[in-house]
Structure formats: C-alpha cells, structure tokens
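In the two complexes that follow, chain A is the common piece, with chain B as its partner first and chain C second.
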Partner chain A sequence: MTTLQVVAPTLEVAVSVALLSFVVVVAVLTAVVRDVLTAVVVFAAYSLGLAILWVLFHAPDVGLTEAAVGAGVTTALFLLAISQTVRPAGGRTLVDPRTVKPSSVVVALGVTVGLLLTVPALPPVGAADTPAFGPVSDFYLADAADRGVDNAVTAVLVVYRGFDTFGEIAVVFAAAVAVLAALGRETLA
Partner chain B sequence: MTDPLFGVGAWFAHAVFAVLVGVGLFVLVDDDNLVKKVIGLNIFQTGVFLFFVTSAYRADGKAPLVTGPGPYVNPLPHVLILTAIVVGVAVTAVALALVVRIYGEYGTLREDVIREVRAAERESAAAEAAEEGSR
Partner chain C sequence: MSDRNRSEGADDTTTRTRSEFTDSPVVTTTVRLLAPFVLTYGLFTLFHGTASVGGGFQGGVVGGAMVITVAFAFGIRPTAEWLDERALVALVVAGPVVFGVVALAGLASGGAFLQLDVLPIPKATVYATEAIEIGIGATVAAVIVVLFLRIADGYREPTVETPADLEGPGDADPSVGAGGASDD
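Then we have the complex of A and B:
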C-alpha cells in the first residue's frame, strides 16, 4: 500500500509531463505539415493526447467529451470538408518556411511571450488554495451529494447552470441552421 | 502542501498552455489554407481548455464523483469546458461549411489566391463602370 502511494504520484508525473510534451510536439507538427489530410490526422492524435491528459487531471467527463467530440466529431467534420474540396498537389511535405509572413510570427510570438510572462504570477498547478476554489464550487459539491447526485459535473451542467446548457443548445441549433444556409440546403427536398 | 504531480515544474502545464495558444494563433493567421486556419483555431481553443482544467486541479483531489470523503477537484471549470467543447464543434462546423462554400465559389482553398481573384473581379467591374460612364 505504502509503496503504491509512493510509486503512483511519480508515475503520474512522468505520464503527465510526457503527454504535455507530446501535445506540444503534435501541435507544432500540425502547424508545419503542408498536406491538409495529414494535418487533420495529426490533429486527431493531438485531441486524443489531450483526452488522456484530462483524465490524468481528474476531469473524466471532459476527457470523454474530448475523445468523442474533439477527436471524433471534429475529425469527421474536417474529413467531410476535405472530401468536398481539393488537397494541395504533391511536392513538399512541410510548409515552405519562405512563405511564412514575418507579421504573423510577430503576432504569435508576442502573444506567447506575453502569456509566458504572466505564468510566474499564476498559482502552481495542483495547489488547493487557488482563487478557482471558491465557496461556489464547495456548495455545488456538497449540495449535489446531499441530493444524491454522485456526478457533480452533471449536476452543475443540467441543474445549477442549466441556463448555460440551454444557451449551448441554442448555439448548436443556430450553427446547424447556419451550416445548412451556407451550403444552400435550407429545404429538405 | 507541495504539489506531488508537478513538483518543481508546477508551472509546466501553464507554459504548455501559452505555447499551444501561440501555435494555434500562428496557424490561424499565417497559413494560407483555409482548412488549416480552422485547425489552428481548434488548437488555440484547446490551449485555453488546458488552462481551465489545470486551474480546476488540486494535487490531493479526486475526480468530482462524490462517493466518499473529499477533497475533490473543482467541478465548475470542467462544466465550462464541456460547454466550450460543444460550442467549439459548432463553430468548426460553421467555419468548414463556409470553407466548402468558398471553394464552390472560387475553386481554391488558398486565401492569397482568393484575394487575387477578388481584386481582379473588382478591377474588371470598375473598368466596366468607367466604360459605361464614358458613353
């Protein structure tokens, strides 16, 4: 028992750091491959890495949704869009570095460096006294347990913040209408 | 209590968040292919998800399935991210529908080519208008 407690956290550390590094590498790979189909497949691997990461961060609901929606539905949408269009003809595997615009490098680097500068001011990952842990979350956890709802995430999603979810459904409906309108398929016939 | 998950590198996940947002933004603004731009938008978005999920995490916490004594990780950011994932897919679907429509209209997915075609269209329209006026 004690050995397990000693071993388990270090293994978790190793897997988390490896997965975080994997996610960064795959994101960069998505950026540099030229072929769109390759980029979509690499992006699916990226989503899968994130899904495992969410489980390691004790967010199983987010992990399931990411695996089903992020790695599944999003990839299917991309493949559907690609099947309707063309892929760039053969040649280079990677994006030609000469076509990179200096202005976009400046924008992306500026945002990244700006965010990195704020990182030391953030509370460390895993600390229990961060501002994110307020009385609201404690109330959700305690009240959901009192009412016999074991999954606090579901309780917050459909009860305490049901209007958020209602808005989300409205967004999905609006998106479905927008897709049909953009593709010129408003009629069912 | 110190953080057993990341120890010295307690800020590593935050740094990854910054890098993912940067990479996503770079693809979004730099790549000429419209589908690649949508992929960049998705990377940007998942970078923000990483920030939320790590902010919900506490090293001594359990997954928010309330079956015994706590402490639990914060369920609220998880809920926000669940909503954001679904909204993100809706945004991706609309963006890709517009991309397919643009492809039907211009026969290309390259932003620079579309710009050229549009500029040429505007020029010929202006020339036609000038011809009409001179008559």
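Then we have the complex of A and C:
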C-alpha cells in the first residue's frame, strides 16, 4: 500500500522539487558535456545541489560533508588531473551522439532501470514501522544526551560505532601512504 | 570534416597552460581575506563536533580545502614550501594514533576496547570523543593536503630542485631539500 500521498505545496516541497530537478539536470549534463573542465564544474554543482538537499532533509552533517568533499576537494583534485590534458578548441558543446557507444547507453539504462525497480520496495516516507523509528534510535538519542554528547551523529560515529570509524580513519591514512608509495617520493615539497 | 582537421592540427588545439600564480588580484585578495574565516569555521566544526553539526571529518576537510584554496591562488609550489613537511606527516599519523591510544585506554581502565565511559577522567565519553575527533580532523586535513600536493607534483616533471637534491637523488633525508628551504 505504498500509494503516493499528495503533498501540500509548501515552500519546502517546492524547493525540494526544484533542487531534485536541478540535480538530475546537472547529472545528465556531466555525462553529455564535451569539455572536461565544464564537466568538472557541472559535477561540483551537482554535489552542491545534493548538499543543500541534505540540509533540507534535516541531515546537516551529511550536507556539510557533501559540500566540503564533493563540491570542494573532489573538484580541486579533478582540476589538478585535467590540468595536464589538452582542451579541444571550439567545436560543439555537447558530445556528438554518433560517437557514443551503444553498449554504454545500454549499461547506463540497465543500471538506472534496475535501481528504479527497487524503489517500490522502500517504505513510504514517514512510515512508523521502519527501523529508523524503532527502540534502538530512541536508546541512542537518550543515551547520547545522558553522556553529554549532544550531536547524535557524532555519538553514533565515535561512541557506538567507534570500531567502524577506526577503520575509516585507517582507510584515510592508507590513502596518503598509498599515494606517497605509488608516486615513489617520500618528501612532500 | 572540419572536426577532423581540427584534431589533426596540433596548432589549433589550445593547451591548458599551468601557471604557478593567479594573475588576478581579485582572487588573491579574496582568498587572503577569506582564509582565516574558513580555517576558523573548520576548527569550530572540528572542536564543536560533540555539541553541534560537524566533527572531525567535516572540520578536517574544511581545513584541508582552505590550504588547497590558498594553493590555487598563490601557487602550488610556494604553498608546498610554506608547509612544514614534518608537521604534515605528524598530522597524517595523528588520527590512527590518537584513536588507538583512546581505544587501548578503555582496555587499560578495565573496560572493553574502545569503551569510553570507563576512562578515569570527568565526562569521559565527551572528552574521549573530542580527542578522537581532533585526531580524525588532523589526519583528514593533512591527508587531503598530501594527496593534493602529491598529485599536483606527480603529473609533471620535477622542475624545481635544490642543489642538495641534485647531488643526492636517492637521499631521502628530510632535512635537505624543500623542507629546509622553508626555514627562512
């Protein structure tokens, strides 16, 4: 019984729809634009749109991460990588459709349709019987406040799921070690 | 037809030249003015992670991004020489080390691995979390800067070499080379 409820056209809904449309448009543009620099900038706009969406969905921690990592640092690293490439002069703005491999289109469409097929299996928005509203989250919210950690996200990351976070920081550390080892230079400057 | 001619003629392609400095005073002035505020915001996000939005990852990324912004405005090479290499490596190591120490401290205090509330300090969970967050922030910020500088350098010829580097190419002593040049 996952019937779509008619949502009231509030300002929040309007902004959500606008942002979601924007994100879809820039996602498609990232794929079809011909100039790589344009693609990188459009991809940053995609991340920024997602970041605002996260804030709108009351997930400011994720939004902050998306804005800083997705729109900021990733863009900078991409810019570095393409700064050594050659930019074609003039020409068309979008990719010539005749140069696109049909198999790529089939794979992209297959993945998209496959993902969309799983959407009806999701619980409706705000459903009371989802795990998010179970006793576990109540415990986390109450216990984190008792311990003096007001930000429940930080509490989950460090206090309750510390082992996972330990692994994550090990991965970040390994990234630096791998880059220094792969590029064969131990000095930075 | 015209597309083929364009792709064959090397003179018609405009190569993206890498300039060490931005010529625009607008960019450099803006970055110079904004950098302290961005860094302050990053540190606030880092230190205030237990009480409000953010934490080590977010604060660290904002701090690292500030250094990248400075590098884009004032040149990657000067920024790399401005940074203290040993401090950067120490920051990279800080996160795993702090996390491991706090985790083992829980074990030593009679609790489990990573059990924070048994530590013999007031408000143990809060301060242990803060310590871990600061470690995470240090590692994330430093790793971002290291990735940026290494990738920026890895794709091009080593143009700037100090005489000490040229004499001993296999010498990995960190006291010679660019690390020593930043001591002026």
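In this text, the second predicted complex is superposed on the first by the 162 of 189 C-alpha atoms of A that agree within 3 Å, B and C clash if a C-alpha of one lies under 4 Å from a C-alpha of the other, contacts with A are read in each partner's own complex, and residues count from 1 in each chain.
By definition in this document, a residue touches a chain if its C-beta (ideal position, glycine included) is under 8 Å from a C-beta of that chain, and two chains touch if they have at least 3 such contacts.
This structure is a prediction, so every number in the text was calculated from the model and none was measured.
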After superposition on the shared chain, which partner residues are touched by A:Leu183: those of chain B (first), chain C (second), both, or neither? both
Between chain B (first) and chain C (second), which does A:Ala76 come into contact with in this model arrangement: first, second, both, or neither? second
In the overlay, answer first, second, both or neither for which of chain B and chain C A:Thr65 touches. both
Winner by number of chain A residues touched, once chain B and chain C are compared: B
Taking the superposition as given, does A:Val153 touch the first partner, chain B, the second, chain C, both, or neither? both
If we overlay the two complexes on their shared chain A, which of chain B and chain C does A:Phe163 touch? Say first, second, both or neither. second
Doubly contacted residues of chain A, that is, touched by chain B and again by chain C: 60-61, 65, 69, 73, 77, 80-82, 84-86, 88, 149-151, 153, 155, 157, 165, 172, 175-176, 179, 183
Could you please specify the touching residues of chain A with respect to chain B in the complex? 9, 12-13, 16-17, 20, 23-24, 27-28, 30-31, 36, 39-40, 43, 46-47, 50, 53-54, 57-62, 65-66, 69-70, 73-74, 77-78, 80-82, 84-86, 88, 95, 99-101, 103-105, 107-109, 111-112, 115-116, 119-120, 122, 124-128, 130, 132-133, 136-137, 140-141, 144-145, 149-153, 155-157, 161, 164-165, 168, 171-172, 174-176, 178-179, 182-184
Would you tell me which residues of chain B are touching chain A in their complex? 1, 3-7, 9-27, 29-33, 35-36, 38-40, 42-43, 46, 49-50, 53-67, 70-83, 85-94, 96-101, 103, 108-109
As the complex stands, chain C meets chain A at residues 3, 6-7, 12-16, 18, 45, 49-55, 57-58, 61-62, 64-65, 68, 72, 77, 80-81, 83, 85, 88-89, 92-93, 95-96, 99-100, 103, 113-114, 116-117, 123, 125-126, 129, 132-133, 135-136, 139-140, 142-144, 146-156, 172, 174, 177-179, 181-182
Chain C touches which residues of chain A in the complex? 37, 60-61, 64-65, 68-69, 72-73, 76-77, 80-91, 147-151, 153-155, 157-159, 162-163, 165-166, 169-170, 172-173, 175-176, 179-180, 183, 185-189
